[in-house]
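Below: one structure in structure tokens.
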Amino acid sequence: MNEIIIETIIQVLAVILLSPLYAGILDKLKANVSTRRGQSIFQPYYDIFKLLKKESVVSINASAVFIYSPYVVFSIYVLISFVIPVVYPQPIIFTPTVDFLGGALLFSLAAFLKIISAMDSGSNFVALGTSRAISFNFLGEATLITVFFAVALITGTNNPYVELKFAENPEYYLALDHVFASVAFFMLWLFETGKLPVESSGLAEMGMIDDALTYEYSGKLLALLKWGSYMKQYLLGSVLLNVFILPWGLQTGILGAIEDLGIMFLKWLFLIFIAVVIDTSLAKLRLYKVQDFLAIAFVISILSLMFSVIEYD
Amino acid sequence: MRRKIGKLGKFCLYNDGYVEREEEIEKRTYTPAYGSFDFVYGPSAGGLMESVRLDIITFGEYIRNVIVNPYYKSRTIKIKGKGINDALLYIERINAPFTASHTIAFLMAIEKALGIEVPYELLLDRIAEIELERIRNNLLVIERLTESAGFQVPMNSLLWLVEKVNRIIGKYFGHRYFFGVNYYGGINVEEGKIKDLEIIEKEFNDLFNSLIESRIFIDRLQGNGIIEDEESIGPAARAANLEYDARNEEIGLPYKDLEFKISTYDSADAFGRFIVRGKEIFESLNMLSRINLKKIEYKGKLAEGKAIGRVESPSGDLAYYVEVSNEGKISEIYLLSPSSVNIKLFSKSMVKNIFTDLPFNWESFGIWISEIGVKFE
Amino acid sequence: MLQLLILFLLLVSIVISLFNRKIGYSLLGIASALIIYQGLHCIFFLIAGIVWLLSSAFSIFYDNYGKWLSPLFITSILGMYIVLISNNYLEFLAGWEIMSIPAYAIIGLNKKIDYPAFTFMAFGELSTVLILSAFIYSYSITDNIYFTELSSPLPFIISTFGFIVKMGIFPFLVMEWLPIAHGSAPANSSAILSATMTLMGVYGIIKIASLTQRTIVTQDFGFILLGIGSFSVFFGALYAYVSEHVKGLLAFSTIENNSSILTGIGVYLISQGVLSQFALDVTLVFALAHSIAKTGLFFISGSVEGESLTYIKIAKSLRGKIGGILLASSMSGLLPNIGGVAAWGLLESLFMLAYVEHSVLSIIPIISGSIVAMGEGLATGALIKFISYTQIFKLGKTEGSAKVSIVLLVGIIVLLLGSVSYIFFRGFTTGVACLGMLEGLLIISSYREPFGGISPLYVLLLLFIISLVTFGIFGKPKIRRSETWNNGEKIEDQFSSFALANNIRMMLSKLLRTKILENEVVFSADIFWEAMYSLAKAYKKFSRILSTSYMNSSLSYYIFYMILAFIIITLLAVII
Amino acid sequence: MSWFLKGIKRGIRTEKFPKEKPLEVAPWSTQIEGEGNVNCPTNAIEDNKWTQEKCIFCRRCFPSYKPTGDVNIFDVKKRNPTFRKSFYIYPIDVGTCGGCNLELKLLTSPQYDMSRFGIFFTNTPRHADALLVMGIMTEGMREALMRAYEAMPEPKLIILLGACAISGGLLGLPPEIKGDVRIAGCPPNPYTILKALIEAKGD
């Protein structure tokens, strides 16, 4: 019991504390490829610490919803870090709270709250971003659900930990349904974490999707939301790595859990490398083409579902 | 063929002259419709380099109409009654990115009004200034386009180029924006052939050719902001295959001797304007390689007169009408800035596009707000 | 005994409401509370009881429509109650008509336009005809008007179509949203129309299904229901998303939810054993989640002035905001609300079905599941829009009222129901002590093997605790109020609700047949409605020819028709 | 992929400033030194003394006065170590000629790359640590400037960029806002701006 508590603590703390680092490394490498020296890899931490010290300016139209939602959004991501294999390959305390699909619903809950609380500010720019975010949501959410089910249909259980074990088997790893699900989930990861070709954060307000949701936030509240989105990127990215692309190598036991931190770091370097290549090679799609991008991801995920039931007939 | 350029004070300027005429102000109206509202973008926005307010009348994402208000930062320039060289200090600061075009057009108007013969080499120096300015501005425009597309590598490479050109200008002219370079009676310049241009050509060639091949990027520009208007100027006109270019016309600068070739394209959208600007960079580099900068002076004189000076600025025709009194003071001055024409074209071309097209279209016109809202006093 | 008492109370409250509506509604509330008590054994009573109790409380503060509303409202509820307690076809039908006819009257009396009530009635009666014929057929094969086991699936299939019409599912979408949107029924009536009248449809289907012997035919019919259901989920959610009408949006969302329920019934019919039981539980929880959350949302729609989301006038309050957010998140299928449990269960059962079938047939649940997932996404968008423009985003005066407190109450009920949803999943709960999950606090979805699981109570508690810890660690922010930053200008025009949904109109222009003109965006509010409307118009013309005097738009003839229909049905009931 | 390789091939082009000397500085944006009485249009040179805040670098004083090539022409009255590692700037243009806007933008170019010091631009004052004001005060922008200042969370800095914003320069009057950091030049050289920003954030 003690052992599992320590493993739990390692996983949850790793998600909370290390997630900004990966974002920092990604930004640094992106800058380097774009011929700049770029910011420190610890920049996300610096930003967060500075923001925590600042006051929060709140729109006169906003209510308590605007002020307290960031805490809940942050907590939802912390909760998710209990339930999916993002560092440690075996169930930890509270893991059965939700299954894979439940996890997807929690991600949706965070997105929902984020949108609602941002809208509470009454800003037109937030509404602009919201109108885009929710119009792609139906494909994004559907793909997230179907991809998670692709996993479930292969293993006969909606438990990511079982899937992880399953995927380690090369015969299965190379199977068509797994490959398709991986591709679909990767595309979704790009969308959900605001990467090209869907979105890139810049100064232009007209192109904002997710950025618009933090447009009115400042100070501590902004820090929480930023941190939350780093965690989201880490959580989804780690699922992508551990369940889909690189299921191997994770160790068990307390020592194993500590080793896992290093292993996850290596895995993440791989994912960051791919992300950098994509982020520096592509331009932003036309807004309505994002729908096509997501529709492709969705269709691929459905195909993967179909393969999974037909292949093992 | 006669073409209309635009409104120059109380005149209407044509490529071969001007007529006195009060231009009726075109008031663009829109009828209210269910669900449509006015989305205010600006005046102080991160995506716009200067302060300008865009009232976007929209059904949501779809643009019904754009009303541009460039008068937020309009400055009053107290220039009347000042001597020519004093006035130049003000003219320089109307629009820094186009300073060479502004000062040269102004000086050409003065020189024409006073009947001064300008030495040929000085005219070549002036062409060098304008062309360097064009290169910088076109690079910046293309950079802004790639920035809007979140296209990291070309964006940074282009910024690198812009800074490079700025340094070249600074090195040869002492100031990165041609402030204090032109004056009534001569020019401040380092003599010699401009070096390092081949680096720019090589780098830009590589970038431009790859950008044209980038499907996603081109897709953002094609079909965006289509404008085929007889009254358009600059790259916007040339992209629509209209051979409108002051450099091709008799304006007093010896472009013909540098074998200037006009660049046109047959797609009147942001993509066409992007291509035209790209091609013009090569053309300008080509012309610059034929110019040897020389420091030359000429003698001014005191006389009365009025005239128009016109150049092709990076974004289209730029003209000054100047009246000089016999004490050598400016008594009347009008400005036709390319941005004031382009802003109308922009606003027309934006209709029926969507919000995310707006930055691309806006940048493709190369509009500078600072030169629009200028009031002379 | 209890039933008689409730019936008596309802009848009394009808009579009293003629004189004093507040007392009438209060009596209705007492009756509803008794129904909830009765509902401890049957979930339908529970759902209906809660909705009626809340609606009666809301009506006390809300009803200012004149004398006619309260008696009609309570009569309709009486009808529904009769449907629920009926144990033979006749009582059921009688209840059905007692429920429907006052509803026609409410819609007909409230609005001057003639077609909503007319269409509602036309389709309503179509539903009755189908159900009636199914009952007559089952009477002919069983020789018994009591609910007994049916060997033929035919009555079930026919009556199901009848109930589907009442639930407003494809291709009868018109049925649900049109009267509410165009007839603009009072909010309390919309709530019971949308939440409980459609619930009666669910009840009917499940009731008859439980009587019918499972055969290959019912199984195939289940697949058809999956198809119809998922298709309607998508279109219901899509039309809700683009709808501009405060109540129309909710009505479309009801279609979406009813279709989800139908999909659940589909799984229930197709599968066997454990999975079938699980699907049934999910269907009931879904009905519960939908009915209660939808009631609350209709209450919100009752507190605005005007009909179109873009131009309504609203009154905001923190209570309303929080209540609205809880309701909208439950409606969007988000944990830890009851709606989240329901959405989770539905998707799990669909995919479990695909896994269990493990054949080419699996493609049907897979496609349905994917479409349902898309529908959930669209529904989230629709509800974000609704809640933004009725409470969150839109500028309006700030004031709380008793009505708003009821909304908050409903929101909290929806949240807490999620945490007690274990009681609806008997036999599907477990625990994992070694991972900190106490016995009985984990809902397991299972076919024969366990498939997945959630623990809504844990989600709620953990979220609460982690939020507290987060708050403790980071502390309260230092707040300073300032204007909304709008690029240095004051906001003159707020982003319109029409504009918020316009992306979808443009992106799905093929589905919605969007055309953007100079001064307007034309899109079909519902392509099925267009087809149905032309059909209804043809029918109307036909009936005009048939009986000009009965069927013109004059109100008195409606009432005449209603009374006539009522008498005929009652007579039928008595004679047989 | 091709762009990725292109980027890699180009290598890192960021200069080592401020550790190393600035390269190729345009002379007429640096400190001016000299002697004698000259006719200065903005009275930046009075009694043999050059005031950097007023100078518009018009060369009227040449050759009595000459540029030295020293780019450190700014003064920092208040710095805030909170922003040492993370400094977000919201630029607002209240009436410029476009020069300051462009020079400021060039701070993001690979040569200068302000992000390596943790300095970034932001598009909303809510996220900003410093309000960077440039240009002379114009009627239309007065309200917007006040709103932007109001919209920013404390602690915050005000940076005045260019002669116009500090002293009104040649064209008009400066904005009515007290500057914590004042960066001289017309327009200021990117090196000057970068150095000033680094100092303002308390390094």
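Letters are used for the chains, namely A, B, C and D, taken in the order the chains are written, and counting of residues starts over at 1 for each.
Here, a residue touches a chain if its C-beta (ideal position, glycine included) is under 8 Å from a C-beta of that chain, and two chains touch if they have at least 3 such contacts.
As the structure is a prediction and not an experimental result, all values here were calculated from the model.
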Legend entry - Chains touching both chain C and chain D: A, B
Inset, instruction - When you average C-alpha coordinates per chain, which one falls nearest the overall C-alpha average? Tell me, please. - result: A
Legend entry - Approximate Å spacing (C-alpha centroids) for the pair chain A, chain D: 39
Inset, instruction - Could you please state the distance in Å, as a whole number, between where the Cα atoms of chain A are centred and where those of chain B are centred? - result: 45
Inset, instruction - State, to the nearest whole Å, the distance from the C-alpha centre of chain A to the C-alpha centre of chain C. - result: 33
Inset, instruction - Measure off the straight-line distance from the CA centroid of chain B to the CA centroid of chain D, and report it in whole Å. - result: 25
Inset, instruction - Spell out, as numbers or ranges, the residues of chain B touching 2 or more other chains. - result: 39-41, 43-47, 60-61, 151-153, 156-157, 160, 214, 354
Inset, instruction - Please set out, as single numbers or ranges, the residues of chain D touching at least two other chains. - result: 2-4, 7, 10, 13, 92, 110, 121-124, 126, 141, 144, 148, 151, 153-154
Legend entry - Residues within chain A bordering two or more other chains: 33-36, 55-57, 124, 128, 131-132, 203-205, 215-216, 219, 280-282, 287-288
Inset, instruction - If every chain is a node and every touching pair an edge, decide which shape results: line, ring, star, complete or other. - result: complete
Inset, instruction - Spell out the residues on chain C that touch chain A in their complex, using ranges where they run on. - result: 237, 316, 318, 321-322, 325, 328-329, 332-335, 340, 343-344, 347-348, 351, 354-355, 357-360, 362-363, 366-367, 369-370, 373-378, 380-381, 384-385, 387-388, 392-395, 432, 434-437, 442, 445, 449-455, 458-459, 462-463, 466-467, 469-471, 474-475, 477-487, 491, 494-495, 499-504, 506-507
Legend entry - Touching residues (chain side chain D, partner chain A) in the complex: 1-4, 7-8, 10-14, 82-83, 85-86, 110, 113, 115-116, 118, 120-124, 126-127, 129, 151-155
Inset, instruction - Within their complex, state which residues of chain A touch chain C. - result: 1, 4, 52, 55-61, 63-65, 67-68, 71-72, 74-76, 78-79, 82, 91-102, 105-106, 108-109, 112-113, 115-116, 119-125, 127-128, 130-132, 134-135, 137-142, 145-146, 149, 152-153, 156-159, 205, 215-216, 219-221, 223-224, 287-288, 291, 298, 301-302, 305-306, 309-310, 312-313
Inset, instruction - Over in the complex, which chain C residues touch chain D? Could you list them? - result: 480, 482-483, 485, 487-489
Legend entry - chain C-touching residues of chain B, taken from the complex the two chains share: 31, 33-45, 53, 58-62, 64, 352, 354
